[in-house]
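When the chains are written out, they are named A, B and C in that same order, and each has its own residue count from 1.
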Amino acid sequence: MSGVLSNRWLLALAVLAVLLVAQVLLPPYHHTNFARIMVLASFAIGYNIAFGYTGLLSLGHAMFFAAGIYAAGLGAQELGLSMPAALAFGALGGLVLALAVGLIALRTSGVAFLIVTLMFAQAVFLTTLYFNEVTKGDEGFVIAEALRRIEIGGAELKLSDPTVRYNVALALFALCYLASIALLHSPVGRVLVAVRENEQRTRMLGYNTFGYKLLAMVISGTISGLAGAAYALLFAYVGSTFASTQYSIYALLWVLLGGLGTTLGPLIGTGLMSYLVDFASDVTSSYLIVVGVVLVVLVLAFPKGVVGTAIERWGRLRS
Amino acid sequence: MSLLRTEALSKRFGGLEAVRNVDLELPAGEIRAVIGPNGAGKTTLVSVISGRLEPTAGRIFFKDRDITGLSAWQRARAGIVYTFQITSVFPKLSCHDNLALAIQRRRMTGLAGRLREDPAALRAEVEAALARVGLAEDIDRTAAELPYGHQRLLEVALGLALSPELLIMDEPTQGLSNAEIARFCDLVRGIASEVTVLLIEHNMPVVMDLAERITVVERGAVLAEGTPAEIRADAAVQRAYLGT
Amino acid sequence: MSFGAYFFLAVLEGTVSAFVLALTALGLSLVFGVMRVVNVAHGELFMLGAVIAWWVSQMAGDPLSGFLLALVVGPLLVGGIAIAADWAILKRVDYNPEATIVATIGLLYIIQQSVLILYGPDARAVEAPFYFRVQFPWFGYSGYKLIVAALSAGLLLATWYLLKKTRLGLYMRATQYDQETAQAFGVPVRRVYAAVFALGGGLAALAGVLVVPIQQAHYLMGHDPLLLSFIVVIIGGLGSLRGTLIAAFVIGISDGVISVFFSPTLAKILATLLVALVLVVRPGGLFGAKPA
């Protein structure tokens, strides 16, 4: 048993080591891409905890990501929060929103839950447009360069510096990735999976399944908010596109492509899809068609995604 | 002292009164069988007791505490455990994880207890729990891989692993082979010293063999109650049930 | 103009859009009711109806014949696409609710982006088939909009007739009630599914055809009808056709009134919050079954 356990962590450390080394090897374009992918993969990890682990098919996770983006962006710009405080404020934004939405949306299940989360996310999106005096709506705003600094001891780190940006993104990803592994293999994680597999039975085993679903939503929303905050601060842009349905669909797509309920899936799915969309947008302005095609192909041919299929073919990495 | 007591318990589905004014009293340590024709309301009765359904009227007391307002999971925590008539396990999870879910609950106190576990100790407990129903060797197989009869036993093992005070079993022997039934009866007799058992069962030899007292339910109401010998001799029961 | 006149205008506008919304949402609700799946691409089928209407109008000689032709060609083409999607995708995932949702999200992008490739990013107007104004004491009102409401009402009645009085309707109700039993009684369930999916798409396409002289055809126009239909279907109760219709009028008219007096954005935010309120009180929606 202990051998399997250490395999799990060894794989995780190997993945993180590759990402750490990659920064010295990557050309600038891919360097930036990787930093972005790591932040978005953290968002996907958050989504995976709701849908992948707990079976809560949400189509509104963009609202938590956006809550983090706006909380951090407005917190830095309007309230003058320091960078670490803005980051924490973003996570808090995701947490509070997820708690509120969860309390209402979890009264429903199945497709009704999907529709309700979609609509709440739309309400958040419209709210960002409605209060455009504060949010600058569609256009969004750029977080001032002067604010994006962290002081550690006497040294000052600029988030606009590519190396700093890459490593902050890596640290964030490592935190979310390792936390998701620890969660999945904890007693709580086992209950979340049980809720996904057979909610009624889980309840009859003495678990407050509503409470666990709410917990999953809150953890998921907090991680999504944290990722959103990091995105805003690292890439300096805050705008309502991140609250649109498309970002909720992206989270679903990344997780499905990588492998639902697998810990490594979100990174793989986000990475593959970013490059695929990148490539397609060079070819056509209708590049989003690849999103549609990938979703349909996944459903028809690879329901377990890349990592899920790999586990099936080459033994159980997850155990 | 009675472990479980119901007062005028009723459950109505639209125009159908599935359970009518049932007063049931179950002393601690007893094996009680509930029998009755199909559609008599047995499963509805135990569903109301276990909290899967809300009663339309009446009250339920467990160890003299009114539990009518408690939800199903709170009742499971209080010690009322229900095993399903239609096998309800976690088909995609291993037998280990199925049982671990039942076993870990008591350990999940505080943040550390919720986030960390001792895999070796847990596995040992899981193995012991599976061994009680003869499934120790299947520990790493997924539940869906087990033959039907073994899934029923896994269901029973899940119930036992919760250390119930009252174990409600809904047709546990349905679909089991004769050898498995014999093993099951031994198991129930073995736990009867610690656990009170409420058993819904169609298999009359099993009922007569295990039950200390029998409650006969017909059309939602209690028709008769007594020892197996009394029930066998009861003319009304024979007319309504055994005779047919 | 007085407040009263303004209010009357707002209610009138709301009623017209409520009829169109009812038609769109009814399609979504039928598909969910009978097949137990959600078609996330439903709004794109609405958009296809509008785009096809534009395309037909370019080929037809005059607005009226173009409009009449579009009323036939639109639902037929879109119904055909729906049948193809049912055959190529939904049937293959065995109508699994989650897989269907993911697949229809994929379909949403495929349809929307294909239209972008073939039709382009512009919003294009279609001339209304009729030009007359109905003169109220306070203002004149577009006669075409009233005709849209009347035609929608007619189509709603026709759908009701189809459900209650025809063999297909009987099959649909039987399948909705209990799929397995229906199959045992010889109902060709798979073909009923295909027909329902086509019917749902056809209703959305009809709504699109009706709306295009008022709204212009654009490849992103499917988003709002989808969202409003979702709101309507949730408030009315998933699977309840009566609830869908009632909710369509509540949402459509209040959306119209709030849009006129405040802003369309606020109207949609409020509609969403209404959903939250309904769910707090009745998780199954106003006319839905109470969940176990």
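Quick note on the criterion: a contact is a pair of C-beta atoms (placed from the backbone, for glycine too) under 8 Å apart; a residue touches a chain by one contact, two chains touch by 3 or more.
All values derive from a computational prediction rather than experimental measurement.
Enquirer: Applying the contact rule given earlier, which two chains have the most C-beta pairs between them?
Expert: A-C
Enquirer: Compute per-chain Cα centres, compare each with the mean of all protein Cα atoms, and return the closest chain.
Expert: Chain nearest the overall C-alpha centroid, as shown: A.
Enquirer: Quick one: chain B and chain C, Cα centre-to-centre, how many Å?
Expert: 49
Enquirer: Can you work out the whole-Å distance between the CA centroids of chain A and chain B?
Expert: The separation of the two C-alpha centroids amounts to 42 Å.
Enquirer: Rounded to the nearest whole Å, what is the centre-to-centre distance of chain A and chain C, using the mean of the C-alpha atoms as each centre?
Expert: 33
Enquirer: Quick check: in the complex, which residue numbers of chain C touch chain A?
Expert: Residues 32, 37-38, 89, 92-93, 97-99, 101-103, 105-114, 116-117, 121, 223, 227, 230-231, 233-234, 238, 263, 265-266, 268-269, 272-273, 275-276, 279-280, 283, 285, 291 of chain C touch chain A in their complex.
Enquirer: Using the touch definition from the top, list the residues of chain A that touch chain B in their complex.
Expert: Within the complex, chain A contacts chain B at residues 1-2, 5, 182-183, 186-188, 190-191, 193-194, 197-198, 200-209.
Enquirer: For a test of understanding, state which residues of chain B touch chain A in their complex under the given definition.
Expert: Contacts found on chain B: 50, 52, 71-74, 76-77, 81-82, 84, 88-93, 97, 100-102, 104-105, 107-108, 113-117, 119-120, 123, 158, 162.
Enquirer: Spell out the residues on chain A that touch chain C in their complex, using ranges where they run on.
Expert: These residues of chain A touch chain C: 57, 59, 104-105, 107-112, 114-116, 118-120, 122-123, 126-127, 129-130, 245, 249, 252, 256, 284-289, 291-296, 298-300, 303.
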